[in-house]
Structures are given as C-alpha cells and as structure tokens.
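Below you'll find the structure, written out as structure tokens, and then a few comments.
Chain IDs A, B, C and D follow the sequence of writing; residue 1 opens each chain.
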Amino acid sequence: MRYEHIRQEAYEANMQLPRLGLVLFTFGNVSAADRSQGLFAIKPSGVPYDQLSPASMVIIDFDGKTVEGDLRPSSDTQTHAVLYKHWTAINGIVHTHSVYATAWAQAQRDIPIYGTTHADHNTVDIPCAPPMEDSMIEGDYEYQTGFQIMNCFAERKLDYREVEMILVGNHAPFTWGKTAAKAVYNSAVLETVAQMAMHTEQINPNAPRLKEALIKKHWERKHGPDAYYGQ
Amino acid sequence: MRYEHIRQEAYEANMQLPRLGLVLFTFGNVSAADRSQGLFAIKPSGVPYDQLSPASMVIIDFDGKTVEGDLRPSSDTQTHAVLYKHWTAINGIVHTHSVYATAWAQAQRDIPIYGTTHADHNTVDIPCAPPMEDSMIEGDYEYQTGFQIMNCFAERKLDYREVEMILVGNHAPFTWGKTAAKAVYNSAVLETVAQMAMHTEQINPNAPRLKEALIKKHWERKHGPDAYYGQ
Amino acid sequence: MRYEHIRQEAYEANMQLPRLGLVLFTFGNVSAADRSQGLFAIKPSGVPYDQLSPASMVIIDFDGKTVEGDLRPSSDTQTHAVLYKHWTAINGIVHTHSVYATAWAQAQRDIPIYGTTHADHNTVDIPCAPPMEDSMIEGDYEYQTGFQIMNCFAERKLDYREVEMILVGNHAPFTWGKTAAKAVYNSAVLETVAQMAMHTEQINPNAPRLKEALIKKHWERKHGPDAYYGQ
Amino acid sequence: MRYEHIRQEAYEANMQLPRLGLVLFTFGNVSAADRSQGLFAIKPSGVPYDQLSPASMVIIDFDGKTVEGDLRPSSDTQTHAVLYKHWTAINGIVHTHSVYATAWAQAQRDIPIYGTTHADHNTVDIPCAPPMEDSMIEGDYEYQTGFQIMNCFAERKLDYREVEMILVGNHAPFTWGKTAAKAVYNSAVLETVAQMAMHTEQINPNAPRLKEALIKKHWERKHGPDAYYGQ
C-alpha cells in the first residue's frame, strides 16, 4: 500500500475522535501530512468511524487535488490543504463539532484564559475568527475557511506554532500540530478548556482572567527553554 | 416470519436509541414502514430494550389498527400512523424523551439556528409546536398529536421532506426520515443541536442567528443538486 | 440462607444504582421488605458495591432492630424502618445522592411539573420537604427523617401510593414503590426529570407549568382505569 | 523491587483517576508516602496512564530530591514534598484538573456548604486559596504552591486532618488523606460536591448554606466519637 505511513497515522488519529467523545457520527476529520512528498491523508467523507481503515484514507496534495483514493475526501479537505500549504511547520489537522468548543464558536466569543489548564497550552485567549464575508462563503467555501483562519492569526499577530487551535465563528473548532496525534490531543484539550470556561463564568460572572505571572510560568514550564513538564 | 424486513429494521433502529444515549428505560420508540403493504412495525409498549427482538415488534396499518402481534404496541402508535398516512414520503419515525431536546420542548421554544451543525441538517429553527388544545387532549390524544405536528408544519409552510424533526410543546421530540435508521440519526442530531444551542445562549445571551449565506451554503453542500458531503 | 428472597431482591436493586449512574462510591442504599414477616433487607453501611452479595444484606424489623447480619446496616436504616411501618403498601425504598435531584434538594425547591416525562409519573410538582427543626436533627436524626417525609406528605395532602418520591431539603432524594425494583426505577426517573427541569428553566426562565389537561391525560394513560401504557 | 509498597500504592491510586473520570490525558498525579523512610512514590511526568506500572513511579524524599527512578517525576512534585514535610499526618496527595472543581478554582470562590453530601465530608466551605503573589510564582513555583496551600489553612485556622481538600485559585484542586486511596476518594467527592453546588446556585441563586445543626450531625455520624457511618 502506497503512502502507508500517513494512511496509518491519519487512520489512528481519526479513530481517537469517537474514543475521546469529540464526535457524533461522522462530524469530524483528521489529516496527516508527509512534507517530503507534499501530500496528506484524510478521512473520506461521510464514512462511519467503525468502517474506516488505513486503506480508505484519501491522499491529497497541498493544492487540494486527489492523488489516490476511490472515496470522496472529507468535505473540509480544501481547508486542510490551504493550511498545510501556508503553515509549513504543521503535519496534522483536526476539525470537530465537539459540543462545548462549538458552543463558544456559535456564541462568537474568544475563550478567555481563566486558569492554568488553559495556560499549560496557550498564553492567549483561544481566538474565535469572525464568520466569513458572504462573498467568501458563496465562492470556494472550504478553501476560504482556510484563509479566514490564517487572516485571524495575521490580524492578531498570533503564531500558529504557538497557538494550535481556533474557533471559526458560527461554525466549530480547528486544531493542528506537528503530528496528527498532537492535533487530536489539542482538540481534546480545547473541548475541556471550553467546558471549564463556561462553568467558570456560570459560577462567577466576574471571574478575572489569569494573571500574567501565572500565564508565563505555566507556559514556560511546559514549552520554555528549561521546560520540565513531561519526559 | 412475516413482515420480516420491517420487523428487522424497526428492531435495529430501536436498539440504537439506548446506544446513542437517547432513552432512559423504555422512554422512546421507533417504527419502520413498508409503503407497498401499507404497514409499519413498531416497538411494543413498556418492554425493556434488552428484551426486544424482531419478533416482538407489532405490525400496524396506516389507520392505526394492529395487523399482527401479541403485545400491545407503543402508546404513541396512533401518532406514527397519522404521520405515515399523510406524509407519504417517510418510512421511519422516532419518538424519544432525550434530555436536551425535551428541555427545549418544555421551555416551549423553537431551537434557533446558531451554527453550521444545525445548518448541515436544517435551514430553519427547529420548530416547537404549541401544546394542544384541551379538546384535542381529551379526545384521541395520540391521534391528535399527529395532527398537531402536521398543523404546525402547515402553518409555518414547512416541508416535512426538508425538515425532519419537531418538538411538541411540553412534551418531547419526534423525528422522521426516508428510513428508520435516518429517523434515529435525526434524533441524535437534534439532541446534540439542542445541547449546543442551550450552551450557546449561556455563553452569550445575545448570540446572533446564523447568517443566511452560511445557512444556504451548508444546506446545499449536503442536500443541494451539487452536494459533495458524504459519499 | 434465611430471608433469601428479600436478600436477593435488595442485592439486585442495590446493584442497579451504580449501573444507572445514581451513586458515587457508597452514597446510596436500597431496601426490600417482606410484609408477611415484618422485615426488610438493606445494604450494609459503607461497603463498596462490587463487594456486596445477597448474604451481606442486613435483615431489620419495622422498629429498626437488626434481626440478622454481621455488618452494620446502612446509616439511613431508621428512615427506611419508619416509612415501612407507617406506609403499609410499600415494599421497596431507595435513597441516593444523585447529582441533579440533590441539587434541587439543596436549592430547597419543589421540581415544577414542566412536561409529560414528569406527568407520566406524577400529577404534582415533586415535593421538597423543608430542612428539619434543630430538635429533630439533634435527636434520633434518621428516625426523624422518616417523619419529616411523612409530615410533608400529610401537610400537602399527598398520597404516598400515587407520589413515590420526595426531596429532603438540604439533603437528597428518597423514592419508594411496591417493589425495590420499582423504587430504583423511580430514582432514575426523578434524576432525569430533575435534570430536564433545570435545563427547562435555563432555556426559558418563564417556562409555564404543564397544563391540567395534559397532566390528567398522561397520568391516566399510564395509571388510570383504562391505562394503555406498558403491557 | 525497592520501595515496593509505596510504588504499588501510588500506582493503584493513580490508575483510579481516569476510571473516576477525574483526568484528561495526564492532567493529574497521586503520590503515596512511607513516613518511616521519609519517602514518597509519585507518578512520572507526562506518561499516559495506560503506560504506568509500579516500577515507573519515582521515589522522592520530603525535601523533594529524587532517590530512585529513571523518569522525571511529576512537575508538581515539590508541592507534594512540602505538604508531606509539614503536614505529618498525611500519607497520600492527589492533584487533578477535574472539570467542576477546576471551574470553582478558576472562579476564585470557596464552594459553599449547601447540603449533606458536603457535610458528610467537611463542616466548612471548601476553601479556595487566592492566586499566589508574583514573587512566589516567579521563584520556585511548585514549592511555593505548597506554602500557598498551608498559608490558606493557617489564616483560616483550618486543620488539614479535618479538611482534606483545597482549591488553588486560578489553578485546580489538591486533596490528601491518611492513604493515597483516601486522597483519591476525596478528589472524587470534591468533584461531585463542586458539580452539585454549581447546579444548586443555578436552580436557586439564593440557596441558603446548610444549617449548623445538620452540619454538626452529618459530621459526627461519620467522624465523631460515636460514628455509625461505614463499617
């Protein structure tokens, strides 16, 4: 089987989504890229998770063209392609409609940084990109979704290598990472942070954002030059 | 065994309800119709899911009369019969008391279309029919429930082939589809959309409805003439 | 083994509590009575569910005295005994600290009848007894808890054969029934109704109570002389 | 294998965290101490639960120095060490980011004592220590977290042998006990009490705290000289 490595990686990462409670039916997809070949493997569209296999993954190039595969690729494939093409340090992308993260996207609010669970992964509020202009929607919608994500990062001067998640307003979350497995991990973290933030505001509508010293410390102990979190 | 096809279809669809977390005990029922025979198979009343079998399904005609079966059919059988009789394109109906959809029904509110998870399945708010008039309740209640559902669709000029779900005010949801399996799918989608919408309002009480361009795009990519969602 | 029937019944009913998600650790207990002997079997105190057996149940008389058993009976035993002694038509009692029902008890509010899920089981709001007077608490607390429950029913002119559940203010729910299995069923129904009612108010703070005609119809179809719900 | 007893105890207690739904990925850690040796065993940092074994636990002394172990210990190890050194009656400590307890920590509120589920375990509101001063954060952060916890107890005149849990503001909960298993039990109790308290306020924003007579009675029946709760 050709492209075996990314097929296997994409398959295993996709299968994590239902196990982590992040998807209902087929409402999610993961891709895994091989930069040396300029290709990625992605879940086929509308196929139930229990019928997936490495062989059913579809191979796509960074311009969004199908290279190999009998099944139609995920309808979000063009969004993945755009992000791989422009964000050259990522090798995995995940899209879900997980309940709490999607609720924040529908509420069109950034998720405020309320605690260290958030700060262990991000130093900023998790951004919510505004809904797209009608002209973008009516055109090549999924392709433009990729630009909507990149534009939001550009406007806010965020680095996609540091902040590996976003909410697309009225839609749902996207996450990414150096591997497909890391992108899935980020989706699960985002869902938990989203639920905690909603409950935090329910318990205290005036809850303050995390203080700067704690943001800095938690980020550095996990990601800084002297990181001591994890092996 | 006679009517084996619809017995099997109804049995399998009913068994999905507890797996999808949509029912407590026996609080739900699914039916599967065979239009060529003018009959449907429905769950017997009050029998636990783990004691069901294809043979225990009850066969009913579209006037609500029992054609075959030793057990009493679901108490909601007349509602199913009325809908099959008048909505001639459906072959499966589901009734549950799933928690979040039922909460919206009890709140007597339509579920606003807040995001693309909703728009992938409906272009309109999910309708909540008002509670029935006392005269309808005191008469043939379940039979009248079918008309309450159809009247709500008629008044709002909704097409049951496009919108496959409704909340009955103070009661609970009904869903339907071209197959029993599709009707079950719709019940699970409705429950998730109901939960997301509640959390959306909790996170932002002023959350706007989804913009028209997004409603149109998500519907068309899944249901339009050039649909590219699913296989 | 003596008293085998009620030991077995109490054991099986107790084991349903963790399966139904109604208890954390040992925070719940079920008893099963044999009226001909004037005895009931109850869970021992503080023993994890996975270490229970029919033989570990403790046999108690309706005055609360231990008749047989090496283990200490549930700390709520006196409440069970009082209820069996005065409410002569019940043969099973359940006490849990299930999350949503307990939240209503802590909020010291009756659960309003908002829909048919509630009406299928009760024609009235689920009563919340006020917290006990200090003198009752400082005396024989669990014994007095039984009277607090009965006093609440007497003051509101409720019949324990029709309403099989109560919240004890600041504490948690008790349910009962003609069998221990029915009492467990009632605990699960109560927990679901409690969650639905909380969400109903979150979705619509002005949600109206269920109209009388629906209360009457749903009760009669399940419990009236011409009941047609269940087999 | 040396230190087998505390390795085994720490391993088993750590494995309870995912089973009780208290952790996502590796967001939690348990330690088990042997006072006669002045050592404790703690989970290694960032290792998934399904890859843990007694042998992978790291052995640490009460000054926070690693005595045995190839893996890096949990990043929270210094907090554990400080608490073991100063609170000489505890032999187990747990740290999690469980959703509801963490939401209260992020809201920077004590959890009010609203009912008997809480009173069975604590006679006071569950304390939330304020976020640390910047100078403490910028120094030896995890070491200072231990002092932040102890300072909160000292200021409020709480006894760590009676109140076995705390929220660290903006961060998450810590619990402890005479054994690692008891500390895990306390983490699960705290999470349930946190969820119940949030829902209590949602159902009744003016819910009163539990009356003193009930606080005293529930505490005494479980912990007093004449305790009769549990075996």
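Just so it is clear, contacts are C-beta pairs under 8 Å (C-beta built on N, C-alpha and C of every residue); 3 or more make two chains touch, one makes a residue touch a chain.
In this text, all values refer to a predicted model and were calculated from it rather than measured experimentally.
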Query raised in the report: Any chains in contact with both chain A and chain C?
Result: B, D
Query raised in the report: Which one of the chains is farthest from chain A, going by Cα centres?
Result: C
Query - Interface numbering overlap (same over half, different under half) for chain C and chain D - result: different
Query raised in the report: Distance-wise, how many Å sit between the C-alpha centres of chain A and chain B, to the nearest whole number?
Result: 32
Requested in this report: Can you check how far apart chain B and chain D are, centre to centre, with Cα atoms defining each centre and the answer in Å?
Outcome: 46
Query raised in the report: Where in chain D do residues touch two or more other chains at once?
Result: 202
Report task. Report the topology of the inter-chain touch graph, choosing from line, ring, star, complete and other. Result -> ring
Requested in this report: Would you mind giving me the full set of chain pairs in touch?
Outcome: A-B, A-D, B-C, C-D
**Report entry** Footprint of chain B on chain C - complex, ascending
**Finding:** 114-117, 185, 188-189, 192, 195-197, 199-200, 202-204, 207-208, 210-211, 213-214, 217, 221, 228-231
Report summary line: Listed in rising order, chain A residues that touch chain B in their complex are 24-27, 44-47, 71-72, 75, 97, 99-100, 102-109, 131-132, 134, 137-138, 141, 170-172, 198, 201-202
